[in-house]
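Presented sequentially are two complexes of chain A, the first with chain B as partner and the second with chain C.
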Partner chain A sequence: MPVMGRTIRNLRASYSQVPLLGWLCGALIAVTLERFAGTPIALALGLPKIPALFGLDIMLKKPILVPNAILYVFLVYGLPMGATTRSSISLTNRLAGRLFRFPIAITVAVHLALLYTTLHLWAGISDYRALVLKLTLIAVMLTLSLNVINGYMGEFSCSHPGFMALGAYCASVFTVGLFVDDRLFGAVFLPPGLGPFLFPVALILGGFLASFGALFVAIPSFRTRGDYLAIISLAFLFIVKSLIENLEFVRGPRGLSGQPDLADLPTVFLWTVLCVWSINNFVRSTIGKALNAVRDNEMAAGAMTVDTRRTKIVAFLFAAFWAGVAGGLFAHVLRYVNPSTFGIQNLAEVLAMVYFGGLNSVYGSIVGAVSISLLGEALRPLEIFKWIIIPLLLILVMIFRPTGLIAFKDLDVTSLLRPKRKPGGEV
Partner chain B sequence: MPILRVHGMSHDFGGLRAVQDYRLEIETGQIRGLIGPNGAGKTTIFNLLTGIYTPTAGEILLDGRRINGLPAHRIASMGISRTFQNLLLWRHMTVLEHVKLAHYSKIRYGLFGAFFGTPGRNREEAEIEEKALRLLDRMGIRHLAEQVVLNLPYGAQRRVEMARALATEPRILLLDEPTAGMNPEELVQIMEIIRRVHGEFGLSILLIEHRMKVVMELCEIIQTLDFGAVIAEGTPEEIQNNPRVIDAYLGQERRG
Partner chain C sequence: MRKESRFVVCLLVVIMAFSLSGRAQAETIKIGINAPLTGDIPKVGEGTKFAAQMWLEDVKAAGGLAVGKKKYTVELVLEDNESKAESAVKVATKMITEDDVLVMVGPQASKQAIPAGGIANNYKTVMVTPWSTNPDATKGRPYVFRACFLDPFQGPVVANFISTEFKFTKAAVLYDVASDYPKGLAEFFKKAWEGLHGKGSVVAYESFTTKDTDFSSQLTKIINSGAQVLFTPQYYNEVALIVQQAHQLGWKKPIVGSDSWGSAETVKLCGKDCYGAFFSTHYAAAGASGATKAFIDRYKAKHGYVPDDVAALTWDAMLLVQQAIQKTGGLTGDLKKDRENVRTAMSGIKKFKGITGEMTFSGGGDPIKCAVIVKISDAGEFTFYKSVCP
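Up next is the complex of A and B:
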């Protein structure tokens, strides 16, 4: 149908003029609407409550409510976002253009503030949403840091859950030991009010411990190229796991609980932004590009003055650091860790996010982590079938896009935030 | 004093002696040729000089300093750069990124700058980019800067490799069959480029080449290699008339 095709093309053309600022504003309006009118709309549509994850969970639980849930999503998200972004194209473009004249740091800060407000309002509907959001942000950190090794450097590392475990336990021991009256670590050492200030220290310590552990993988496996890293890193994962299982002072396989509630949404959001920012900086620098050179041809990299061994070790430790930080946050979001969390299944999930989203790509990691985490949550009502659908999706992606959905794309902040149309100008 | 001196260099692959008692002296600004039949050990010599292999015996002296045993990247940053016989480019990287990365050893901003994008880093990255673009301009491939090398025609890829080698700011450039697989037109261009970089950068060049026309026109002194050993050394005329070279490599021209 040519008319339909033309309509779709026109719609795409007009929406492609919406700057990121416009999308963020639209999303903010949608979540604000949900915050104030969500419950009445949901009840009016015959839904028991506000659908937690875009209606998918309700649809799967009660297929009879499928049209109602779709209508809800359309009324609350689709319609307001579509209408406001479309109608305010020239306004948001002008605003984005004006923002762009400030130093880039200010522009970025405004966008991040909008994004955070949107997420905050969205997560404010229920505790469940807040938890899912925090875990998704942590998954973004994990995926991106693993992508540095498996994508940018082109080696295959399996030890990410191990690094995560090191970070999680290190940060937990630090905070539980200092701020909590605990049977194992004794009475409160510092006033709990200091918690939020010392929490970054705990996370960074966890990151450093993970980096230190990574050193034991990196030194033997980066002497030569080949499959050594995959094997050694897998061994490392099991060593860390059984080490923790046998350490009585962190309660072995029973797990460590009672972490103070320090990982609230702003904290997790801030660390995720920091992680994405520093990894993006790294992979876009000439030092980081050396990783790609090592992957594509190590001999040529050496002949062009690149210290290949140092490059690989630095990248590996850097990735391990962020995995450790993510582990620390994870432990404080759930406020309980046990060693069996950090096993093969966790590894498979992170690997799936990396390969689904796209190798060698910051965008891809974000897309992969968000889509697999949200899908994993939304498909929960399907129980066992969830583990058929997600792998099936992964297989399809591997067949049609072998390098992942959005491969080879770093985050270019300037082009992302710039207005999409000259202020005042036509199309 | 020669800039690069090699004497008594030998290399064994297991029981096979690939290079035997090789010696070489390159003066600043000289163009030397290295010819010989396939498997004579020419590329092995390049790999030994650039630190990819470590010689079994002998010495390599750069400005009188012993460099054998040093890792490849150290030798490269001391001023020996090279191209590869079968084009070892980085297939997912753009032309500009290739040339920028060859500045690796001169980067002054540390890891902190790389992670957090300090102003110093941004300034330095801009400097490197400008230098790289200027070099691409001189090599006539500036318009390809944003292309991924995989999509380029063969001749352009050769130029990228040459530009990358020059970006390390070498004093000695080792060219491993720079005209392999080129058509006559590209051949003329690449010879022009070699002459030009030799003149402009004041480089010493060591050239492996199978096309006699190229070697004879460019080189001042030619070494002929057979079974890992030098069998003749001299000016192009001397080499062309040397019976051992004719026997081992050039072959007898049939008359009549």
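Up next is the complex of A and C:
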């Protein structure tokens, strides 16, 4: 046993010197390997296909294949990643060090390009992967934007699906009206080739509409807190939902379909990066700190010259904007929206992601959104028991880590990208 | 060095061991079932699952599905779509790209069938939705079919039935404005009725919102409007409340409904108040004969209740799929080609004898089939009253 403990400690010590660049390169090598040798390896291991989600998806359907899937994941991801990252520690550290001398924007761009290439190759294996990845990235955006209100500002807002619905409908009306021959909005207005260029406009308009809607929650929040604001924001959600249900020009409860296929993986990835970047900067700025002050004690914050009203309005509008953008992307990934999608169930899911991952933390939101999305996919075959297991997990997290898995942690990009070892060799 | 070589040897042994297992799935046909097993309408999912499993039993009892000269074993890929649009899309993508299903049956409700139909059409895979009555599900999608009639057909059927049966000229409508199906049907009914009796003949057109339980204000308006008949295309839980409250407020004229009434729960919840009411639907359980009766009896013996229309339509959808696969005359083994062949065969199905009536596909994914008018008898059974064909 002590031998094992020492080995693990040694492993941890050696891998802690791997910079992020090293991990990304390792992942890239692993997915490239999967791309070229994935199918033969899977077949050799007795799997019918490359397991789509690390074997999570077949885990419960065919338990007999679980060891095969684990072995596959080990052979294709674990082994190459482990070996290459370990053996190239000095190389990647030197590279990271050299990259680090450039302006930070270039360093970040190189890392993001690597990350995107990895994800692109990974998702290229199967369309199911790509779809799950896109919806997960959208969930990350939603969770992060809700975390601004519920985590950083400490209010309990229930209106997020409402913001998302506003964004989704606004963007859909924009694209369907302009690029699709639809019986509601008439013939094609602009050549569909312009679609990808005007899609950001649609998303931003959706975000602005959601922000406008957020005013109706932000203003009451001046005088109410806690449970009362929760009820007001819940009311807002229902107002949005019944508004859309009664609007005939977006086809009411029948839902709006036929959105052009504009939300491909690069688009969703780019918007997610923008969202993470801007929210991370927002919460680390002066106004972000003001949010925390309002959360901890509104009166004291006011006494310390924090303009609490402005802070609240900005936070609500900002969070709603990103929820609206996420909604617009969501509508174009599914290419169908209907009002009942944006109901209590959706709210419960986003809240679960926020509280599971961790309040007041960008890391936490990413972890929460990714893990709940993947769990949802993995546990689908359990049918009704899925709805017992996920809430149970949430309860356990709440008991043992009351603020979520990774709460109150700043995402500091510089320290994340820094080389982990001096080129000389010493740590 | 020795350690590493030992490790590699171990690894090879393990790989060999695993490669012996599996790899025995040569001649199977996979059929995807995209069903709402959890969420808002679990009863619908249950009916779908049970009907599909009964069909599978039959196929297994026959020793597999004979296509051309070969017999294939059939595997159902059953997935839960949680009654959510995005999950229905995920499930459809997974079935088609990961599980390699030949055909997908479901989703049932239109709010899932519309987006999932888009996916099926993109991947050129036949999808049959047994229950979705919204025209958008199949419109402009050559690979999407359905096993039921559409709302634009059902609305006029009910309007004609009331006009000829009772000779009424003034009707009232009460519907849920927030729900896709009732709203659409209410509109189609209104249009048909006004076409028959002139503008203003729908004297009351009242709405409410999902999960409302008190309808007295709308019903009072309806009673005061002088309407001779009330049409309410609602689901079973609302039907019970509406009918009971109408009777309490003094409504004594007929009440007519649509195929959403056709659940075993309607009479259970509504009781004597619903006796004597009419509704249009896909099939009548009481007094059924032939294959329909055999299906009902078998289902009842197995699961303890009379199957509702979803189960019957799913059964028909499974048989439609079976016929289409068999009509291809043999599978090539190339999934893309086989899916295309199934689509061609499916669109050419004529006079298919289903338990919910005869179906013919003549271009497009919507069958031509008859509707049935059912009367709720004094014993609380759904009895056949009349058949209306297009």
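The rule is simple: the second predicted complex is superposed on the first by the 423 of 427 C-alpha atoms of A that agree within 3 Å, B and C clash if a C-alpha of one lies under 4 Å from a C-alpha of the other, contacts with A are read in each partner's own complex, and residues count from 1 in each chain.
Please note the rule applied: a residue touches a chain if its C-beta (ideal position, glycine included) is under 8 Å from a C-beta of that chain, and two chains touch if they have at least 3 such contacts.
Quick caveat, the model's predicted, so the values are computed rather than measured.
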Chain A residues touched - chain C or chain B, whichever exceeds: C
Chain B versus chain C as contact partner of A:Val314, first or second or both or neither: first
First, second, both or neither for A:Arg35, with chain B first and chain C second: neither
Partner chain(s) touched by A:Ala300 [first = chain B, second = chain C, both, neither]: first
Touching partner for A:Arg86 - first (chain B), second (chain C), both, neither: neither
Contacts of A:Leu65 with chain B and chain C, given as first, second, both or neither: second
Partner chain in contact with A:Pro381 - chain B first, chain C second, else both or neither: second
First, second, both or neither for A:Ser285, with chain B first and chain C second: first
Touching residues on chain A, where the partner in the complex is chain B: 278, 281-282, 285-290, 292-293, 295-297, 299-308, 314, 318, 360, 408
Chain C-touching residues of chain A, taken from the complex the two chains share: 43-49, 52, 57, 64-65, 67-68, 71, 126-128, 131-132, 135, 241-242, 245-246, 252-255, 257, 330, 334-341, 345, 377, 380-381, 383-384, 386-387
Residue numbers on chain B that touch chain A, as the complex places them: 50-52, 71-73, 76-77, 81-82, 84, 88-93, 97, 100-105, 107, 111, 113-117, 121, 125, 128, 164-165, 167-168
For the chain C and chain A complex, residues of the former touching the latter: 14-15, 18-23, 25, 37-39, 42, 79-80, 84-87, 89-91, 93-94, 97-98, 110-111, 114-115, 118, 123, 134, 136, 177-180, 183-184, 209
